[in-house]
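Next up: some structures, all given as structure tokens.
Same chain, two partners: chain A is paired with chain B first, then with chain C.
Let's look at the complex of A and B:
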């Protein structure tokens, strides 16, 4: 346990250093620092990053880290709202598909998830606008909240803010309707990816002899999935969960740009278009670090789940 | 089940495809797609840049008369009066060629590193794994942000960014397949017969993992297409006038509010049908080979 933790933190440290070297290359290239003492510059750069000082945005002349927090809250809210239902739905659909392997339910789920994963998110988002916001004017498709309501920030999460200010009033409902289309288009890809991961991991477990033995004892299939299937499939599912996060973080950039959601995605695209290198650099550092930490903690969770889910009471056995 | 596996191993690629009708039709769809793009570029006089000053934003109309032939703009014109069909054909060529190049480069480089580290050195692997896990923390789109801010937006830079960020994935996959295959008995038998590492790789290992590599390649190809079009949509790949399927959708985004959905739908369908065909193809190969754990 301690050994795994040490190994993972060494990995974390090394990946972080390599990531910082990558972003430092970007920093040097974008600021024309090629002729200076690079080692000294790197130390200065490292010092600034450790103090979370990314300079000022060229567009708004405000500190970049403050702006990142503000936009990051909007993005985090959208990502959470899309990921929680899609992870749950993908998980159950994947379990269904693995249970009904090679029958029509499995092929229906698998084939439709292949179809949906082939649709570019920017396209389906616009089709949603065309059908649900233009053709029948049911749902708003622009921004986080109607301009009629005050946008004073308390926590940065708009649903929480409106709830705190007005309770279950008009402004909360208005913010909620603004969520529908972005969440709908953002949740498609993570769901399909989750279905694929859960189905494949669970299916290879369900082929084992101990599962057949469990079936022959007359247990219900969902109990077997809970008792034997998921416990053994969990390490492989957890280890692959990173790709779900990746997909969500890539598509949230696009979704925000289609729906004018004032989050990190619109912010970074605007910065790239106007050559605002401080913003791009901060984005690369912060998002890269977020991914490094998420990836390694998922690997750590996968290792832990090998120990604790399979051998209850035998916590000291080492994973292979 | 193991017998089925063995027979499919012995068969050629075409027979494997023939056993799965969806994959079979997907393959023919891709061939037809290629012929349509190549044939249109070779035989029809198409100009994706030419602006018809009299014909802004014409809806698609297909009419045929024996005296004049097919109507001039079968898919209509966009808001600047450019022929949508021409832009579609040239855009499809640009998008799919650059995505293919990114997939080929990343799989070659990733395969090389993965095989070398699996065959020769375990210490090299640790270094690679750390490198991979840090580069992997950038998705293609995010890595492209860095490259494009430094080098400026162009299709080539976007393809380079996608290729670079796909390399780690392919490296890990190649490494995993090779190490798991190296533990099997037939490899040990070949090694005991006195084969060198290279001969073993070429004669026994590679033929057995070839199918997996083909499947992974198609998967990376479809990912590269989706990422390249996403970058095009964000305005970070093709330069101003250059036709590209993703940026075609972005250019005409405002037309959505006028109720003319076809101008968004046409390039979208072009992307989706291609990607779905590729995915069905790779899934069909996988099912035909009974390789479930990919």
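Let's look at the complex of A and C:
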């Protein structure tokens, strides 16, 4: 286990160095450094990044890292609110599809997930706005909370903040209604991806003889899926979950821009438009690092599940 | 009364209209305490028949039957979920390749605990928990002991990949017998085992049938491995049962030419192990289900085939013999030169 941890940290370090070299190249290109020693500049750059000092934003003249935290909280809240239900729903629908493979339930789930995954996010978001926010005017479609309520920050998560300040009052409900459309449009892609992953991994396990033997004992399907199916499919499901995260993070930029959500997505698009190199650089470093860390920790989780579920992949249970 | 009574069971493979009838209107009765060997070439539909008896759901396979009675209870009238449970409680099925039938990620101990009756929650909560845990592991050891495993401590604590084929087969037997089934179905239980362990497994099955009055159905494609162990034989060819009868009758006076050809391949090994003469190999090959011959399905390979064999033979059922042939062999005709 320590060996796996070391191997993963080595991978983490390597990816981090490559990432930093790339962003340093961007840094060199965007700032005129004259004929200074590149290695020395890199060390200085590294030092600044380790202190999380990305300079000041050209637009708002505030420190970039502070701004990132503020916008990042909004994005993280949106991502979590979209991902937790979509992971759960995708998981169960995937189990259903694997259990009823090649029957109508499976083809209904699979075909509709293919259909939903081929709808572009920016398009469905605009359709939602046109139908639900403009035509019938049920749900707000702009920002995180109505301007009538104060937006003083406590944790940065608006639902938590309003809850802490007013309890289950108007402001909380208002924030909640602001969540509906962005979460809806953001959760489509991760759900379909999760369905695909769970269905394929679980189905290949459900073909095995020990599953058929379990079925022949007359046990219920969900018990068999829980006891034997998921136990054997878990490592491959966990290892593929990275793509769900990836999908969410890429589509959240689009969703934030469509719904004018004050998160990292709108922030970075605004910065690119106005040529704010410090912000772009900070974004590249921080989001890149987040991705590397998440991906590698997911792989680590998959390895851990191999160990703790006693998979034949581990050395001990191979025939001696 | 027969323990399991199946009439005209058919299995169709494939989607919708293109489905092929692989198992064709098979009737089967299984009696308490008897060992029935189902012999046939590979591809004759034996395994499909067993899966149909277990009513295992599989893609692209549909079953139909006129009668399906388990111990007098008509299972065709029961909703499928309940039916699956009743079948699972009363019939145990051991599939081919026992190692594949054990979950590779669980210790044998946990897989045996899984099939044993559950400890009720109030026992788990109470101080008696440890006591019940101990009896549970004792029961598991006893189960393994009954299926001929002596070093159960090692076996219980190991994973399927660490065990040999015969150990896996015995564990599967222990698991199958844990629920005290009325009927035990085995799909080629001895095919991958060497002679000594083959005999051990067969002896265990024999003890199951004789002591516990379990009905045992064994599938095999090799008559020689089971001929002195089964009480009854049923021979399958191209999805039909071609002959059925008790051991003495079948081995001495087979009626169907296919049965005779299988038995002859055993008899030609003389007493001193030398071939008596040229072994009468059955020429030709098993027919394809997509283009099944008209009339008798064995006709193309049968030396006795005449013109009448273009008509499909009915199952002829008399007091102690059942066969499906227009020109059955006479008594003692097995030893005649053809």
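Rule of thumb we're sticking to: the second predicted complex is superposed on the first by the 305 of 320 C-alpha atoms of A that agree within 3 Å, B and C clash if a C-alpha of one lies under 4 Å from a C-alpha of the other, contacts with A are read in each partner's own complex, and residues count from 1 in each chain.
Everything below uses one rule, namely that contacts are C-beta pairs under 8 Å (C-beta built on N, C-alpha and C of every residue); 3 or more make two chains touch, one makes a residue touch a chain.
All of these numbers come straight from a predicted model, not from anything done at the bench.
Novice: Which holds for A:209: it touches chain B only (first), chain C only (second), both, or neither?
Specialist: Only chain C is touched by A:209; chain B is not.
Novice: Just checking: does A:219 make contact with chain B only, chain C only, both, or neither of them? Give me first, second, both or neither.
Specialist: In the superposition, A:219 touches chain C alone.
Novice: For the three-chain arrangement built by superposition, which of chain B and chain C touches the greater number of chain A residues?
Specialist: B
Novice: Touch test for A:291: chain B only (first), chain C only (second), both, or neither?
Specialist: Touch partner of A:291: chain B, not chain C.
Novice: Just checking: does A:61 make contact with chain B only, chain C only, both, or neither of them? Give me first, second, both or neither.
Specialist: Touch status of A:61: no partner.
Novice: Mind sorting out which residues of chain A both chain B and chain C touch, each in its own complex?
Specialist: none
Novice: For the complex, give me every residue of chain C touching chain A.
Specialist: 54, 56-57, 59-60, 84-89, 92-95, 97, 100-107, 114-115, 159, 161-162, 172, 179
Novice: Given the complex with chain B, which residues does chain A contribute to the contact?
Specialist: Those residues of chain A that touch chain B are 11, 14-16, 18-19, 22-23, 26, 29-30, 110, 114-115, 117-123, 126-127, 129-130, 134-135, 200, 203-204, 246, 249-250, 253-254, 257-258, 268-269, 272-273, 275, 277, 280, 283-284, 287-288, 291-292, 295-296.
Novice: Any idea which chain A residues touch chain C in the complex?
Specialist: 101-102, 208-210, 212-213, 215-219, 227-228, 231-232, 309-312, 317-320
Novice: Please output the residues of chain B touching chain A within their complex, sorted ascending.
Specialist: 130-131, 133-142, 145-146, 148-150, 222, 226-227, 229-230, 233-236, 246, 249-250, 253, 256-257, 259, 261, 264-265, 268, 271-272, 275-276, 279-280, 283, 292-294
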